[in-house]
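Quick one: the structure is below, and I'll ask about it shortly.
We just call them A, B and C in the order they show up, numbering each chain from 1.
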Amino acid sequence: MRIFRQALNPEEIVKITGGELLKRHDTLLNHVADPQAADEHSVLFLDNENYLPAVLSSSAGLIIARHKYKSELLNHSANLIFTENAYQSVLKLVNFWLETEDKDFVTSIHPAAVIAPDVILPEHCKIGAYAVIEAGTTLGDYTIIDPFCYIGQNCRLGEHCRLYAKVTLYENTEIGNNVIIHSGCVIGADGFGYLLLEGRQQKIPQIGQVIIHDNVEIGANTTIDRGTIGPTIIGEGTKIDNLVQIGHNCVIGKHCILCAQVGLAGSTTLGDYVCLAGQVGVADHLTIGEGAVVGAQSGVSNHLPAGGKYFGYPARDAMLMKRIMAVENDLPELIKFMHKLQKDRKQE
Amino acid sequence: MRIFRQALNPEEIVKITGGELLKRHDTLLNHVADPQAADEHSVLFLDNENYLPAVLSSSAGLIIARHKYKSELLNHSANLIFTENAYQSVLKLVNFWLETEDKDFVTSIHPAAVIAPDVILPEHCKIGAYAVIEAGTTLGDYTIIDPFCYIGQNCRLGEHCRLYAKVTLYENTEIGNNVIIHSGCVIGADGFGYLLLEGRQQKIPQIGQVIIHDNVEIGANTTIDRGTIGPTIIGEGTKIDNLVQIGHNCVIGKHCILCAQVGLAGSTTLGDYVCLAGQVGVADHLTIGEGAVVGAQSGVSNHLPAGGKYFGYPARDAMLMKRIMAVENDLPELIKFMHKLQKDRKQE
Amino acid sequence: MRIFRQALNPEEIVKITGGELLKRHDTLLNHVADPQAADEHSVLFLDNENYLPAVLSSSAGLIIARHKYKSELLNHSANLIFTENAYQSVLKLVNFWLETEDKDFVTSIHPAAVIAPDVILPEHCKIGAYAVIEAGTTLGDYTIIDPFCYIGQNCRLGEHCRLYAKVTLYENTEIGNNVIIHSGCVIGADGFGYLLLEGRQQKIPQIGQVIIHDNVEIGANTTIDRGTIGPTIIGEGTKIDNLVQIGHNCVIGKHCILCAQVGLAGSTTLGDYVCLAGQVGVADHLTIGEGAVVGAQSGVSNHLPAGGKYFGYPARDAMLMKRIMAVENDLPELIKFMHKLQKDRKQE
């Protein structure tokens, strides 16, 4: 668990979280913990009946709980804050801590970073050890480049971005503001395109780029290929999990959710607010409409209309798919009956 | 989009692409663009009716189009080239540009590369910042090793290879000529082999290697494990997409296509020209015959004969699988009817 | 194949492997090979009829074979050792060689490693070129950190660990003893958690950690996310293959096997000795009981009881699933028959 530098007393915390404070004793809180690991300096939250016994037997210094758990908690020695939604209250507290630590922004450029002479660094930034930034690239203010990041030629990064250790951007990649990219991502590698000519797979040159808009987050070891000619585009506010593959010339809308190990073949378009669960695969040149939700491991082989829920292999209307799956278990029994019927008929 | 250093005029371009030039005005072209992004220096191509309106309203300096679009384009102010196949013409042009830039090959070895004393570098090569090359390794002429590549002991790389940033080769890996490996690939990690002895998973030593033949391309973050004793082999001209997993002792034929997120368990053999679509999984110790094509997300659990098309989970003849999928939608309705039949029979 | 530094004669080898030696001539052996690649210094093993012809025509210096192949091998000029289980005998030999080479442990810290001043290095360790170790981290004795590893703040690593090139540990990661992590792994990146508020995906702070217990091995490019608040835990002796995704707050038991490209969504719990075959996906907040085995590509969407075998999409009892798959091939034919029945009924 993460210990924050600025410890707070219960009175300071209730100003951040809102709610009603029941002060029991003086203490300083500096982190949020699991019940088993909690000590005098820990904040816990209680939103859900299942966790009540663990919270009751914990040694936390402060418990933030829903109003409805008031009577159960009154005998606990911890300081108590009661709110409408304990989880959202604790999120407010953690975000306060995170923002406080971010305010200590101290520009630092590690001497072992290799930065091309024409790269103009912004007033505030951090460049870690062994980062490499090639010629023609620009960085926005307050952007953090961790160790071993490789940023190719002529990339453009916005403000307040964070590239964790070992992110790779191929040349000409464009990234907006407030973009977070986790370790091991590869953005802008060649799209997968070949023509079989005279018995050999001949490479189709990949000379497009990747454009990532504001407020996108991308998980570890995900790969997003450059377009063949035009760009591959990730829309504003979209969140992408680990080990996802996005093929060349895909266009992803705004505020989409792509869970881990999703794969999109080339030139596929997702509307805004599309949600693809884990390991979903989408074939090439398809369109998935705004707000569509596709269940885990589904295989999308046709266009999907906006707003629907889809599921299965191939992906179909989720209600229909559930009915199909429900009858599958009866299939062996019923097929046996049908074979009997067939036999009877032949004998007639 | 990629801007090339050598700008060409329309007369120079038609010599490269072939076809018939309709010269309208002098201009210099240095890149291929999407219609929306095109300017005076852009080349567009038109092969497909759907793109006609976008091309007509663009500001491109040169349009390469199929003969059949002649009448529609005659009013456009751009220079025009008409050919049999606009896409192949534009490929010729891009390959000309790429080859021209490659001819500027200037050997450079970054001072922050760590190269073991016994490594003999070829006359022409590029070694990027923070590349590490261990003892006993040899590199072929014109090979490019980008920053952060790690090449273990006793590896052998051929000529004209390109390892993009952060490729990892474990010891004893052998790579032919003209091989391209994208960022984040890990070649030669231990195969996944354990024996459950006395309640513990005991590691089986992995002392084989990986051999990659000429003209192979491997996508970002793909992993190819070393053989347990013998080698894992990737055949000549085979192309592998991103995030693919190839298990220990697999033998992949020539000119195969393995799309993104394909997974092969250990000791599986693919004939030449096999094509596995995205997210296909293949079990261990299987053989897929020459030219077989396996549809996306299929699960291959049996040997597959050469030349067929397969699909599904488990993978079956694609025609049969399509018929099965077609009837699945009717299953809930028909099962209801069958239950009724059964009930009637019992009552009889 | 890997050549070991300490060459052994047949008499020395039989002391390691056990069994009965038939000495033919003096030679020194220093590696295990495939039959095709074998020479005077190669050891082969023969456990399986299929490999008999290849072994007979090889030029190996020593063949370790099961007793039952004695008569077939007597005419071969190689030295021969006959044992109960040739494969296990050869494992003993390879482990002897590997342990001998490990005994040469020479502490070395590359001058280009960047190690925070407060990191206390153990007496024996190897830190490769361009490794970065941040403040507050501790390393156990005999641990090897290869080039380009990034170890964030306040990590704790045990003894005899091996981090291959380019492993990334985010801050606060804890790792036990004898843990092997292959290249490209990312341990401790943020879990994938957002709340859709006012039309935007708002990030839920991820302030937990990852804890990996003793004797775990993790394959190349695998990702394990930190817990949202509490930890993500990998139990003792568990083995994880390449390109696996483990979501935030998962708890994996002891001695489990997770094959390549498996994906676990958040907060899922696996008992001890669970085995998930390749490309299996498991939804969030599920429990898979001790010793359960789940077949390749299955989609687990419900809790699975201990000890069973499961398979399919969704994962079901493996025997039932096999029966369902067996009847699927007959579906098109039978559905046709049923439609005929329905038609007849309507006509009646």
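One rule holds for everything that comes next: a residue touches a chain if its C-beta (ideal position, glycine included) is under 8 Å from a C-beta of that chain, and two chains touch if they have at least 3 such contacts.
Given the structure is predicted, the values throughout are model-derived calculations rather than measurements.
Here the C-alpha atoms of chain A line up with those of chain B after a rotation of 120°, rounded in steps of 5. Where chain A touches chain C, under half of the residue numbers in use are shared by the two copies, so each contributes mostly different positions. If you average the CA atoms of chain A and of chain C, the two centres end up 26 Å from each other. In chain B, the residues that touch at least two other chains are 112, 130, 148, 166, 184, 221, 243, 261, 279, 297, 313, 328, 338, 341.
Per the touch definition, chain A reaches chain B in the complex via residues 112, 114, 130, 132, 148, 150, 152, 166, 168, 170-172, 184, 186, 189-190, 192, 194, 196, 199-201, 203-205, 207-209, 221, 223, 225, 229-231, 243, 245, 247, 261, 263, 265, 279, 281, 283, 297, 299, 301, 313-314, 316, 320, 323-324, 326-328, 330, 334, 337-338, 341. For chain C in complex with chain B, the touching residues are 1-2, 31-34, 37, 91, 94-95, 98, 110, 112, 128-130, 146-148, 164-166, 180, 182-184, 215, 217, 219-221, 237-239, 241-243, 255, 257, 259-261, 278-279, 296-297, 313, 325, 328-329, 331-332, 335, 338-339, 341-342.
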